[in-house]
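As written, the chain order gives the labels A, B, C, D, E and F, with residue 1 at the start of each chain.
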Amino acid sequence: MPKVFLTRRYKFSAAHRLHSETLSEEENRRVYGKCNNPAGHGHNYCLEVTVTGPVDPETGMCSDVEELDRVVKESVIEKLDHKHLNFEVEEFDGRVPTGENIVQVVWEILSKSLPHLYQLRLQETRDNFFEYRG
Amino acid sequence: MPKVFLTRRYKFSAAHRLHSETLSEEENRRVYGKCNNPAGHGHNYCLEVTVTGPVDPETGMCSDVEELDRVVKESVIEKLDHKHLNFEVEEFDGRVPTGENIVQVVWEILSKSLPHLYQLRLQETRDNFFEYRG
Amino acid sequence: MPKVFLTRRYKFSAAHRLHSETLSEEENRRVYGKCNNPAGHGHNYCLEVTVTGPVDPETGMCSDVEELDRVVKESVIEKLDHKHLNFEVEEFDGRVPTGENIVQVVWEILSKSLPHLYQLRLQETRDNFFEYRG
Amino acid sequence: MPKVFLTRRYKFSAAHRLHSETLSEEENRRVYGKCNNPAGHGHNYCLEVTVTGPVDPETGMCSDVEELDRVVKESVIEKLDHKHLNFEVEEFDGRVPTGENIVQVVWEILSKSLPHLYQLRLQETRDNFFEYRG
Amino acid sequence: MPKVFLTRRYKFSAAHRLHSETLSEEENRRVYGKCNNPAGHGHNYCLEVTVTGPVDPETGMCSDVEELDRVVKESVIEKLDHKHLNFEVEEFDGRVPTGENIVQVVWEILSKSLPHLYQLRLQETRDNFFEYRG
Amino acid sequence: MPKVFLTRRYKFSAAHRLHSETLSEEENRRVYGKCNNPAGHGHNYCLEVTVTGPVDPETGMCSDVEELDRVVKESVIEKLDHKHLNFEVEEFDGRVPTGENIVQVVWEILSKSLPHLYQLRLQETRDNFFEYRG
């Protein structure tokens, strides 16, 4: 049975600081550059969630879109939107909130509720984004 | 011989109503929400057609682009553009014109003429899209 | 006191048919082309609402954004979103739902509640849009 | 002599918190909503700077673009990019870093060096932006 | 009678070199930088044409869109698209094909046929554009 | 160890002419259409470079972004930006600068320095792009 991939796009705005507690001050500045700036900065993040599955012949749909929106909003967007990721999101205790780590944290959350999760794409600025498939 | 993937983007504007004849009125409202609204609504659809193939060393191309445009325009865009999908496109007789079904209908049409068709991507609104690879 | 212009963007998806009851069938086809197609077609509309006013020195804002969103959503988006404009929106009884008329209808509605309304911009397709300042 | 308007787009990423010291805690929460969240959040800002002037018949240009870029980058982007606006930018001491105030602060800075400055447009999220003409 | 502003977007791809015959080699390099590179370079230009007028109560339109498209395509796009502006477009004999001059050349052409022409906007790269109102 | 895919976007503007020395004049016109126009034309190219690798638990990153930017800018962007590809880039001696060939030339250059290169995507116009994975 052929599978269609459905992607929906969500937005959140957050502050973060890239700083690793296991690196020295000098190494932090070298690795993260201006993203290591002490008071933090922020981004408008765009999160694309892709699920997949066979198309139900009765409804013509491969996913319950209302349920998908509910899960993403309640478990991810409410947790991250208008937050400072370093100080207010427990998943980033001891884990630097880089794009790579944010996309993995979102995967850990969503894959519990979305069995057909296929891919996440997190756009951090106009010119860089991160993709993850578990 | 290495393959390049070429994608071209096409547009069409259409009306549709999500309503399954095998579901009750109440189930239709629950499954499709406001998309089940009786008089229909519409979208600007963006269709991306990806073909692939080895690059001809003489022309430096992996596809006959003029032929690709001709096929897509004549067989897909003319059929769907400025139409009400439920009432004017025979492929949707007894088949709900969801994004999932539209992208499969387009695949059925194009794969007959385009042996190197690789993927279709149908964007329905700014924040949702459908991908299909046959 | 210097004025800032604040613009917020809203979306709605609707079906319409361009057809004037005061024109003959032939004139309708000539004037509206494929937009006169009997069963209608549709678009994803993007509406930008611009308000202006002096910046309150205490709040640093020129507008009550929550109130602006509430007014636009309740009086415009709920009326137009997922509707067939010709059949389900009384403002288009006897008024062809062209971009020019939609933007004027939205102005008539919003200018009653938004004294600082400055401009509306309605994008109908990727390549055409309408602006109106009353 | 006819004037052309030249616009160039610049980007910066910053954190901010909307909180007015002259309002009570409760008023702050009511006025700013989730933007009042204590630890702050952030955005990718897009700044469009428009200058105008007659076109020099010899060069065919209305502005020294390299000089424009230099001024904007040195006086605005370096000041705001990858900063927390509340704590690290002195212009926001006692001034809430709303979009309205940011665009005015940028105007105050740029209008000293750019006599032909015509308009600023500051986009804060995908769906809201601020314009200012002094 | 209230006026609506209608804008339509057109595209053309062209090569150009910024080089003024009245400047020395050194001045050309200083003024135009890498745009003075001898063999030329190119852009995807996006041209937005804005016309205005009262809305015809019978048709609900402020402009004959098919005629507008015909005029722009025949008189502007065919002249500029897939051309090297310096060598193949007579309007640029002795006139440097800067964005400022291109937008004025297009105005000179279109204003002859479009009495309700209001504004042109020419985007040359993602981050710079030119506007002209005659 | 799970892998994240990081993509960064770069821009260059270039002129080119599609013309194969092994084809007759007539065949060139038939194969390339207006892209065969003798004096050449140009585009704003957008290049997306995707690298992949396991995420370093200490830094939370899968790639040295500064190094990636340095390599792409020094070896690709400086070579192609503001150039006429047919006359000024030796890699296109005897190789038609089609999108397919440009993306392969960029792969040949980058894969020498970027062991974790996964995919390139080259957008040539708003509506066509090329992808390559070696």
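As a convention for this text, a residue touches a chain if its C-beta (ideal position, glycine included) is under 8 Å from a C-beta of that chain, and two chains touch if they have at least 3 such contacts.
Keep in mind that this is a model prediction, so the values were computed, not measured.
Visitor: Which other chains touch chain A while also touching chain C?
Guide: Common neighbours, chain A/chain C: B, D.
Visitor: Note whether the interface between chain C and chain E is symmetric in residue numbering, meaning over half of all numbers used appear on both sides, and answer same or different.
Guide: Mostly different residues.
Visitor: Could you tell me which chain lies farthest from chain C when each chain's centre is the average position of its Cα atoms?
Guide: F
Visitor: Go ahead and note the Å separation of the Cα centroids belonging to chain A and chain B.
Guide: The mean C-alpha positions of chain A and chain B differ by 28 Å.
Visitor: In angstrom, rounded to a whole number, how far apart do the mean CA points of chain D and chain F lie?
Guide: 34
Visitor: Could you check chain A for residues that touch two or more other chains and list them?
Guide: 126 - these are the residues of chain A that touch more than one other chain.
Visitor: Per the touch rule above, enumerate the chain pairs that touch, sorted by label.
Guide: Pairs satisfying the touch definition: A-B, A-D, A-F, B-C, B-F, C-D, C-E, D-E, E-F.
Visitor: Spell out the residues on chain C that touch chain E in their complex, using ranges where they run on.
Guide: The contact residues of chain C facing chain E are 18, 20, 22-23, 31-33, 95-101, 103-104, 126-132, 134.
Visitor: Of all residues in chain D, which touch chain A in the complex?
Guide: 11, 13-16, 34-35, 37, 39-44, 81-84, 87-88, 125-126
Visitor: In the complex, go through chain E and note every residue touching chain C.
Guide: Within the complex, chain E contacts chain C at residues 2, 4-10, 50, 55, 58-62, 65-66.
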